[in-house]
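Let me begin by presenting the structure, written as structure tokens, before commenting on it.
Labels A, B, C, D and E are assigned to the chains in the order they are written; within every chain, residues are numbered from 1.
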């Protein structure tokens, strides 16, 4: 509560300061500045860089000040200081990262913990896409298969993949296979629905054009429907990757011997808050990187997205 | 090559709510080999439905269409289509789009390439072969669509408002191109349009349709398509007989539309 | 060909000397993988999934639960007895002891469900005349339970090993190991085997038991030399290792084949535990008898070796 | 594997049968039937009802046949029969549902298990929306606040909420408050981003129209921006609800004394596969119902969605 | 009421890549009180920019706009806007949309209601007050937009292609409505259009703009707006002087566009 108050106070202070200063320093000439009314015009909102930098600095400052960090010059009074098991100073997290990167944690190196999680995600996602995409196409192209799989997909879609963990444990145990099956199930329905939506999104005029140019059904599938569905499939893949990453972390919280989720769960048992924080930050960075990688792949592989 | 014979065509759509729409009723028409026919009519009078039946995408509920002595039962490379927009394959380059038909037919690589080059020349897109289609302007995209259709050497070309999405000047240029292609290739062309001027300029024959039920309301035989070539379209528009025809047809359409709109406004 | 064996971290046993020095591989003639687990329940799950063939030191309750449910799992031997290393700890701030144990009613308790600790807790509650449904029972592994205790989230936490030792920093046990033994609460772990594997390779199981017994014997004479290796393998410091080992008992083959254990006492105890669980409503039904899930053949073979 | 083969064989058989029969029974006259080419035309794909019914029946049939169910007349040979700990017959699941509904499980009634989970989701979601929506609006309307919160939101968005469980356990323990904070964090960023997107989606012409009709900034916020953002916010709310439901199940897998996720996790400990299946089915049904309820609410509350 | 005085207006946009676009350069124009002016010009010649400056949404880089003796510095209820489409508030009923301005100004409930009723009458939407705006046709929606603008009794009405999205017949009717409103209320109206016919019909004065830099290219004073009322627009279109004017302006625009397009095609 005190913390929140301090944070808001700092926010207000810096805001007021920035506003006062920018009254003096004229912003560089740009078309936005010619607008007389900008409130409500989202396109005229330029994220203030000063604010971004200040925001990150303030978080670190508060973090450091209340944990007696050697990195910050200001320190909160001793009775307000947090103990490291609640919140370690930032340098602890950093040193922990370095020491774990060098010496490993629980018999595995940091890299092994992270790469096993990433590998699980990739394997599960890949299998899910391998089955889900053809399934989605079948559903988009055929009355019978649509009818057959519709009830299954509609029922499985809202089941959180995590709810399947106990069943997967009973059926497949707790080893690699079980985790990959879980991730497979997490990706499967998302990819099937994306592929089905991709088929649904094909402009009829394109299909008709292909027909009157003499293409056969197989040719239409290969040259018209598949490329047209790719952007949708990519969007689905981004969602599926996000879900898979969340699912693998959760699955590792419940049962694993290594992995990113395992690391933070075990560390939390032993109140090693610095490792937990380090793990969460790494998980966040990997999640962010996966999303960025998918976006980049999308730009390269389906440059025509949204240009039809 | 052969005539396109449309006999007693009727098309009734059943709506989910049980009511029926007579999109076409008892339409008969024969389009000669190498003729260019424009079709004009208010929204919902069945123009697109008619073209879809000619293309073979729809089977009529009654009547038949024959091209020469073959009945039309499905889409075929002998009847090419040009759509208003969005029918190009944006994941292929311009050249790949144009060569699509021959490629699907399994033609040889070299043969396809030379044909594509020639067609890009014809439609005025020399050197654009490697571009992505979405980098082109609307007018250029329609040139690609025309070239793609011609690549298959169809007997009939069906166009559904091919120039509807273009701005005035581009549209005028494209009208010239359509006329030129018609003259050079001698294809049978059926062209749907909403613009009276375009219908006058591009139709040897002009069919005016009326809705509910969709039917042929009037037919005109026009001299302008025969006369106009390339760049002197504007001169034709200045001819007094052109203005006279335009006023005559506008008047007729206004009356027809008024009558229909009056009816429909009561209906809603 | 390889065998995967389940074990616990922070659970030092003499056979970890063999684990660390490769003696098992030598004797069994196959590659041996060791996988650490947190609870015996997970070991069952891993055996069901075929990822693990032998579980060393699975608690009795998870074994009873799995075998009662019809899983293909066999008891081959007793691994370790530890009445003092599996218990329930009450947070000191509650002021509850054995005298006023009923005051636990309405409080929150952390226990890893389906484990020996769970069984021990239920029996203790029964002894104190507390109805478990009057408690708020949270399913937490010993390590999580210790963390919850540290935060003061729970009034009592049950568990074993490292978790139990951390719990003890915040309170004390209700009953000591000896007191529990008097009430007939026996706490020990077993060596369980996936039946299919056991049927196919009885000699591997037997030689596993043989090596384990060798280590237990050697431990009695040569503890000084073995302890550091064991501590390393268990992931603990020397002090903790010694304290834990002091609380452990490792019955040798001859003793195990006697009437108290495989000679009949063990089977009867399993039935007792199962019936208690049925009474508590934790499992549906017990087997008629647990003779069928205790396979003494391995131990007999090992004795011959 | 055998199961999969049998399933695919049944699928193919019924497909062939349906195709053969429908050659004889003419489909009712409809506009689709006048289309000469339907392959690739998703709008012409009518899910076959026969297939849907057959699909569900086949699943039950296989389930029953391989578990020796009293409900099915066909039974697989004894050596192929599954044991109830792997897969109990459907009637067991049903009887279990009834008995748990009557007698409860682990000291709590079925209804208590489910309602506590639902309550947690609603509370967490509500708090997340309460903070997230104003945050999103602030980010959509103001340069400084956009700059300030952008780095925070961009970093937190790809962190799976489940990765926060260990930290939440350390900071807030394992009681109700901790779970609700976790769900709050799960909903917060989604709602903030949805609200920001809602502001960005306001057509500038609407804002301009309001200005030239004499509206003040506050009036524009209240009468133009908020209603315009509602459809986006609702879409975000549906996503957030789905994520929250998955998160609560996972959080209960890790630590809880009651709840839907707790039920299936504990049942899996005791190899009570019938309870696990029952729980998963109930979780699926609740997830589905939440989604349906949100859609219905959307239709009633923002009937103008997509009509601008 | 007062004149709208536009003096030496220039507007230069700086693009992110550093280049500059002169959307308007040195535009001066005075629009008299109660005058109706139509503005015509090719895409990108700065029409919308000009209107946005008049409305007060943009501040010009140079020059000034004054309404009477007040300088224009921001949007204000004295200058109403009608957009092409999509500017209605779809979460409000028709009546709420029309009453928006008075409601924001805090007028009394009864006063607003009677004003709204009167305006719905004026634009021919009696009885549609309770409908949702998205249930109306495009033409009806533009009637609502007109009524909403009038509800505030602005001195100037600025319209950016208000009828651009309507079909031919509806558009003709709406042209009649605009003329009628102009005559009945005596408002100053500035109307942007792409249609030469519309510009001729609705402008007492017609301003033709040219792009790069955006500027006034030609100005015509026209008699047709004064003459035309309600339903006899069609008669006006048949007048020979109307045809003559149309051809003259078309010719002029063609030449201008040709010149520009030629340039731009080289550029791409």
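Quick note on the criterion: contacts are C-beta pairs under 8 Å (C-beta built on N, C-alpha and C of every residue); 3 or more make two chains touch, one makes a residue touch a chain.
Keep in mind it's a predicted model, so treat the numbers as computed, not measured.
> What's the fewest number of moves from chain B to chain D, given that each move must go to a chain touching the current one?
1
> What are the mutual neighbours of chain C and chain D in this structure?
A
> So how far apart, in whole Å, are chain A and chain C when each is placed at the average of its C-alpha atoms?
40
> Between chain B and chain E, what's the gap in Å when you average each chain's C-alpha atoms?
About 35 Å separates the centre of chain B from that of chain E.
> Between chain A and chain B, what's the gap in Å when you average each chain's C-alpha atoms?
So the centroids are 49 Å from each other.
> Please compute the C-alpha centroid of chain C, do the same for chain E, then give the distance between them in whole Å.
About 85 Å, centre to centre.
> Can you tell me which residues of chain B touch two or more of the remaining chains?
Residues 56-57, 74-75.
> Which chain D residues sit where two or more other chains touch them?
Where chain D meets two or more other chains at a single residue, that happens at 37, 85, 169-170, 208, 210-211, 224, 265, 268, 271.
> For chain C, which residues are shared contacts with two or more other chains?
Where chain C meets two or more other chains at a single residue, that happens at 45, 144, 147.
> Kindly provide every pair of chains that touch.
A-B, A-C, A-D, A-E, B-D, B-E, C-D, D-E
> In the complex of these two chains, what residues of chain C are touching chain D?
41, 44-45, 65-66, 69-71, 108, 113-114, 132-133, 136-140, 144, 147-148, 151, 153, 282-284
> Quick check: in the complex, which residue numbers of chain E touch chain B?
Residues 43, 167-169, 234, 238, 243, 247, 254, 257-258, 261, 268.
> For chain B, which residues are in contact with chain D within the complex?
Touch residues, chain B against chain D: 11, 13-14, 56-61, 73-75.
> Hey, which residues of chain E end up touching chain D in the complex?
Within the complex, chain E touches chain D at residues 55-57, 74-77, 79-81, 83, 86-91, 100-101, 104-105, 132, 134, 148-149, 152, 154.
> What part of chain D is in contact with chain C in the complex they form?
Residues 83-85, 106-107, 169-170, 173-175, 255-257, 262, 265-266, 268-272 of chain D touch chain C in their complex.
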